[in-house]
Amino acid sequence: MQTQGNAGQRPSDIYFFATCVVDQFFPGAGLDAITLLEREGIRVHFPEEQTCCGQPAYTSGFPDEARKVAAHQLTLFPENWPVVVPSGSCAGMMKHHYPTLFADDPVRKAQAEALSVRIYEFTDFLVNVLGFQSEDKGADCTVVLHTSCSARREMGVHLTGRQLLSNLKGVKVAQQDHESECCGFGGTFSIKQPEISGAMVEDKVKSLKATGAERVVSADCGCLMNILGHAAWKDKQEGRQTPSLPGEHIASFLLRRTSK
Amino acid sequence: MSARDRILAKLNAAPVLPKAAPEIAAWYQTHRGTESTAEKAARFRACIEFAHAEVYAVSHASWPQKLWEVLTAKKVEKLLVAPGTTHGQRAISVLSESGITCRGYEQSIEDWKEEMFHDIPASLTAARGAIAETGTLVLWPDAHEPRLMSLVPPIHIVLLDANTIHNTFYEVMSNEGWGIESQSAMPTNALLISGPSKTADIQVTLAYGAHGPKELVVLLIGEEA
Amino acid sequence: MSEHAMNFMPSEGFRARSKEVVENPFLRQSFRGAMDFLINKRITQFPSAEELETLRTLGEQIRQYNLGKLPTLLVQLEESLTRNGIQVHWAETPDEANAIILGICQKHSAKLMVKGKSMVSEEIELNHACEAAGIEAMESDMGEYIVQLAGEKPSHIIMPAIHKTKEEIARLFHEKVEGVDYTDNVDELIQIGRKVLREKFLVADIGLSGVNFAVAETGTLCLVENEGNGRLSTTAPPVHIAITGIEKIVEKLDHVPPLLSLLTRSATGQNISTYFNMISGPRKADEKDGPTEVHLVLLDNGRTQAYADEQLRKTLQCIRCGACMNHCPVYTRIGGHAYGTTYPGPIGKIISPHMLGLDATKTMATASTLCGACGEVCPVKIPIPDLLMRLREESFSEPHVAWAMVYRSPSLYKVATWLGSRFNWLTPSNQGPWTSVRTPLKPAPKRLRDLLKERA
């Protein structure tokens, strides 16, 4: 679990790196995360110039392109504030891969390393920096949590999402089979190997639905795009009007449960 | 240049930095405790029984009687033994009165391979020692008790002295100085045996007696009350 | 599944082969079930996370230390084995290895070779070479025997016949083994195999095996197995030929216990295998059995190429446990044959390029979500996902110019994403492979940056 940087010390200001997926496809999740952080008394700064962490190019085998995009993000966070990222996968890229990416560029490598210790995945930041506790105001419900592979294996923050949910007294967190297995998104993998990716997301959605939970929550919008996209496709195939597996970012769920 | 020289030249040309020697002793020191003989015997027994072996507690005096009982219960009429060993001799003298034939392993295998493969239902060998944490017998086959004795007969009966049980494989080899010429130079064949032969190659379903012994019986000397 | 002969361009047809398995619910269920079984068995063997982690670190250190001295250790191994009476041969290519083995067979006028399980013998396609030379090469590991009888290739390095059901095996035995009635009782099927193969062990001229660890100091070849066929192959015939990759070497005997423990616990979730067979020489003058000749063939086949590069050298740490396959969500969906390489799964993706060339294997590097499950379970800590990324970098040359241009430039990004959100109703409903099992991706009508401005 992540403990470096400002752990234990409550910062007054943070940067919010939304990620391109949240900015374009899940803006509500980004807004909810920011609202939640502000409610904790923190000033949230959203650098307007932010784009993408560069991971799509990096994991596809194009380090040069990734470097160009990453170099731009390196300049966005001048103050020594934590950088909170509502995605384990993008946080992992910035925390663990930026220093490697700039291994041959001493100046940027130093910047990347300095930034690395300030990067926090959203749920990790709530639990381990803010000690987030908030009263659950929602009706009893059962949800199922999907944790991304990067959050689990790269960031080691697979427990924080669960902890946040289990602190909500009206919320029961269901246990799906093969919980730690990848949903099959993998960025360009879903395009390059659509048959395998399709089989993986099919199995993932089946196991999430089998829990009987009324919704899936996740701290990664990449996985949600894949999981919800398949669930909706399946609903359409089978002529269902209401979604059989609704889902949302954990920030939206937390905000709703703890607001009047 | 030979293939050998080319392979070595390529390896030598690689820019390789030497790595520190692994601290194996320290790991075992930290992660494995010491146990009494009785504790080790109990752990050995639980492990090897879990792997489907039969274990009988016997004494130095009583094991031939138990051997006879086991053979009789399994309706075995012929036992392969090593006449050049004291336990082999004892088995011969005890069993010869009881109607069980003792076949000595006295010729080279070429002279009786057919019989070994088709006509030997059981064998008796000693174990050199054992390993508690994995329920493992240690055998060093030799001129008296050759390799195939513990492999071809469908039932293999092993005599083990509880005092020779070690905690781990690492402990066996370091305590006994395996591979050190002045202590225990490696034999042509050293074996660890941890149960009867088995396989799960068909639909991950466990089946015993794949190619080696279908049954493994351990006569554990010293555990008897 | 139909026969997939060894494919020299495994990349070609990978998608088609994967599709075939993915669309076969029966096969998919059977792989899933088998992998779940192995995953669960492994985890019961490692009750302490601290022990698992420190033991994996120790395993990594042992392998890296020995690879660090590889050329020296190979020479030392050769000296020790020679002193022990074991003859050592070196082969750079599969052809050379086959020629060495066939040469030994011909010297003994051998007609029948029984084989213990050896992935390196699959790698060099020894069975084909034997067949061409008129020598019968008979697999004796139950899984390998089944696969050979069916005219197939192993689909898993530890469980070669994992893709077959007992009913298929029952039919196979009934059709191919003389005098065998149909039975799908697993015990009976195993006893049929035992009976057939016992007669082969009895008369075989040559026994062939792989090697799990070769100990340089003592000149000892170590073999891990459960069935006893490895022991029979190396003990019953008059000649034993072992074949191994040059990387399977350790300097000292005490390097073996930690690796053995990691291997069996990671592979099949056993605290130890039924047999651990340590061979340090042929039969001595006064001994009554054991082979009178023992040979070791040391194979390169691309390993020196991997060795030359610090990062790729880590692929040589592998102890062939197969845990990366068992835990791989891709392997679990498609099984081993789809890969078309001798070594399937995550480890296959990173070692096959050295054997077959990057061009022949490049699609494989894309067949991963980089989920990291393989790296997490690897008992010797091979950073498999990092190596997959490295291979991706080397496989592709056309850069994504437009993408980088947009994302490195905040102004272009803003324009492009503004257009995307404003005209989101123009989003095509057919988005290629994505929409084959998912609804189309549609940018939200307003971006987060727009929502923030509105809020302010």
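Order of writing sets the chain letters: A, B and C. Residues in each chain are counted from 1.
The criterion applied here is as follows: a contact is a pair of C-beta atoms (placed from the backbone, for glycine too) under 8 Å apart; a residue touches a chain by one contact, two chains touch by 3 or more.
The UniProt protein names, listed by chain, are B = LUD domain-containing protein; C = Iron-sulfur cluster-binding protein.
Predicted model, so just to flag it, every value in this text is computed and none were measured.
Under the contact definition, chain A and chain C share no contacting chain.
Contact counts per chain pair peak at B-C.
Averaging Cα coordinates per chain places chain A and chain C 34 Å apart. Between the CA-based centres of chain B and chain C the separation comes to 29 Å, rounded to the whole angstrom. Spacing of chain A relative to chain B, judged by their CA centroids, is 54 angstrom. Of all residues in chain C, those touching chain A in their complex are 15, 18-19, 22-23, 28, 32, 329-330, 333-334, 365-373, 375-376, 389, 391-396, 399-401, 403-404, 406-410, 413, 417, 420-421, 432-439, 441-444, 446-452, 455. Considering their complex, residues 2-4, 6-8, 10-25, 27, 30-31, 47, 51, 105-109, 113-114, 117, 131, 133-136, 142-143, 146-148, 151-152, 168-170, 173-174, 178-179, 186-205, 207, 209-213 of chain B touch chain C.
The touching residues of chain C, when paired with chain B in their complex, are 30, 33-34, 37-38, 51, 54-55, 58, 61-62, 64-65, 67-71, 74-75, 84, 90-92, 96, 140-143, 146, 159-162, 164-166, 169, 186-187, 189-191, 193-194, 197-198, 201-202, 215, 217-220, 226-229, 231-232, 235-236, 246, 252-258, 260-261, 268, 271-284, 286-290, 298, 300, 304-305, 307-308, 310, 313. For chain A in complex with chain C, the residues that touch the partner chain are 18, 20, 22-28, 30-31, 34, 46, 48-52, 54, 56-66, 68-69, 71-72, 149-150, 152-154, 180-182, 184-203, 225-226, 229-230, 232-233, 236.
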